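When the chains are written out, they are named A, B, C and D in that same order, and each has its own residue count from 1.
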């Protein structure tokens, strides 16, 4: 045995079950949900709730793992006893059933590399199942970690074929991550995907929506550049924001410097947003997010 | 009426009652507390809870305002039905009864000025009742906002008289804020004060405990300088930390630059800590704080 | 004498003279300017330079104080020997002749209070000469520090009279600071002012140009709110940016929270921008700034 | 050709030569150095200088690339005409001769992976030549990018053999990076290495020197955790600091959370420090650094 100078504790996480819900706000909701779980003999590990000024209530409960038939039965009773009377939208999620995640990427691989590393080191909270790119560049890097890599070139005159092929290759997913995928995806694609997609945009949205944000940031002379991770909707760069961050720049940074400096914020922001989603910490409140 | 270009909404806060508690962790605590409040017909506005790895449970509940006799009766029933069976330490606090706060300060007035401004603008969440200093410098500034100012010089050979006089002048307090008060307070003073005291230390504790932290930060060549707000205990700069922050500096910043740059972090960190305390958002967990 | 626990060094700054210049980039410029100063027996205390990708050179030299006739003669020789041959725009500034600064403000006084405090504590690097407001609210606060306060209400149907009165009252200035002045100023006003004006906008420009940025930030669901200090031009919120910063917010922050949280960033960003300007550290490069 | 939505500019950097120097401060130094370069027909691309309160002058000049014999001759003349008369320590460095860098690492690979990615993407400004570890875990990852991997286990009873083997395997280096290498290196090793070494320590130095900083940070209840990149000296964690950063944490973060959260700051801080060193932007001023 070698005597290491420092020895960091192993990160071990117990399985848990998570309940996410949203409903019209009214007195007694916390008592009702926590009472239901207590009656079921389940210990609450983590609880978050939020009421909006518009009168909507959101909650995330993390409790002892319940799986299989026991969860089905718990969910049935919850629907009947709590959700239906309170007009709740809700879902249960088991941490022991990791979500299936695919990544789409173009030439820039900083976000891809980062997500691959987090997945390998057990940080991601989900299961990567495939990487798809309109360029062949990252085939080797993806193969090296044992993941399928799909090269699907896009014909700019007609994206339909490429989107069709992508849908067939990716199969059923719980989450699609656009890790600097530089092609616009059609509404039809998103509809058929039938899973949420998270995109990283290299600006502090809503500033610099669309193409070339770093060039436009330089032209405007901003003193901070940003990155925004958001759910993908049919409107370009307009989906609900999950996370954002900025980095200080100065007059001496030209556009290529901004591109290079911005990468660190992009990959951190995307990783935080993806992790939050995979940990069932993100709820939608119209066009905004609640991130517990 | 003048047509202002922008018009910021007025910040109006409703009165609420707050319950803070700590007890050994066990299943059903959230249900029990929220159930008690629901049964009492009280609507929960905000709820936070935390379980430590050491098995201790902490909770803060904010709900419809209950005052006077009704609160006494609620507290009695809570003690009997929930607190005693669960071995809870707890307290109720009414937001409509603002806490009485005094400030002690020496020559540097950046924290004092900042707190006076926040108090005048209604941000502070407590009631300033007096300012006391071992220097006469700030008399005018304090008088200008209508607060009593006490000048109590300290004889370095014997601090007892000054501490005695300070205790007499300040009277009963809910919080004492040391806003760059550069004299060590004795254990006897703290004991007789019988109220928590918050100090701002101009370093990122536990680095640079004690005197002259900026000079020592410069000598060590750090690239960030910090500020730490903590509860005062008999051990110098060793009390539970409430908030901290840092600011980037460079080789071109000499000690006077650090002093100047550091002021902004000091006053923001102190203000955040004081506000958190006055909003009953800080609980003690041994030598650490829980800040909800 | 009292034995203070910590004793921060006094901030004393020696007088210096500053030279700011811009010209087409070409070899030998640093040698030429620094050689000129060395030949004049002047010791350079601080030097910054920057060449843009577009081929423009900017420089700031800080050196031993030269004043009165000696400076006139130095400037004459510099024009002849260096500036004219190199097609330079340039100006000399003496730190010992502090710039005359006036503040215009509406109802919100966080930036005003902050600037007043920095001025009193000798941090500002310029001389406040007056405060003007379209509201009477801050009269007392301004009087308390010994500055003239002018109350100039604005008739929304015709701003001309108010602008005329403001120009007459403020007289000759080196800088006008709009410290949350919520009225649009006309081109004619800016032209007649004949001095730069710095505005603080309560968003991360170019996001949320115009009215009600915090409300719009909340609607968009951003995770950071910002503040931007910029030179005022005829285009609303479009002038060259001097400094920006952001603060993290969450789904639990409603618009009044954003207003309150944003104040700290607003006053710090405005103070940094004003200080940089008064220290002659800001140069214009078209619609961008160089901040040395 | 595919029509990418965004297209980031390629980062191309021209070769340059860099001059770094330190000497007693006195008038005319900028003129003298820039004059020398101008006389040699060399265009200055970037210039930084700093005078300390202790009277020492530091400078970094970046100018048109000079290589081979021309550089030898330039250096000879500079020594004679400028350096010797001004008692300068100095060195010239060519950006076209990238520095040889080796990495030593133990089990945690977040810094290693990050440096490998930056090297592959051309960001690092130096040439990785080998990776050495006291564990075999990272062999595959290092082989995948085409670098030699050396596994050198350490016998805690006698580190001499391992250090000997490491020195032999690494050969001549310009920089050694300790990317979470958890063994103390002996003075003899550092002396024989004859190259600077940069270490990443997982705390905000000087807080939490030594083993287990995250555990101790948790015990102290800090609200920010830090990372520090510093030059390695014989004193553990006491060498000159190159860069530092912090991340906000809360009471809900247990030690394993700190470990996970801290990784992002560690790898960014180490990467910034290594890049600064490889770009010849770091000078030593006693036990502090100047980072231009």
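By our rule, a residue touches a chain if its C-beta (ideal position, glycine included) is under 8 Å from a C-beta of that chain, and two chains touch if they have at least 3 such contacts.
For clarity, every value in this text was computed on a predicted model and none was experimentally measured.
Chains that touch both subunit C and subunit D: A, B. Set against the Cα centre of subunit D, the chain with the most distant centre is B.
For the pair subunit B and subunit C, the distance between C-alpha centroids works out to 34 Å. Between subunit A and subunit C the centroid-to-centroid distance comes to 41 Å (mean Cα coordinates, whole Å). Of all residues in subunit D, none touches two or more other chains. Within the complex formed with subunit D, the subunit C residues making contact are 27-28, 30-32, 34-35, 37-38, 41-45, 47, 49, 51. Subunit C contributes residues 50, 53, 204-208, 219-224, 226, 240-246, 250-252, 254, 285, 287-291 to its touches with subunit A in the complex.
On the side of subunit D, the complex with subunit A involves touching residues 2-12, 106-110, 113-114, 117, 121, 123, 134, 140-141, 144, 153-156, 182-184, 202, 211-215, 255-256, 259-260, 264, 268.
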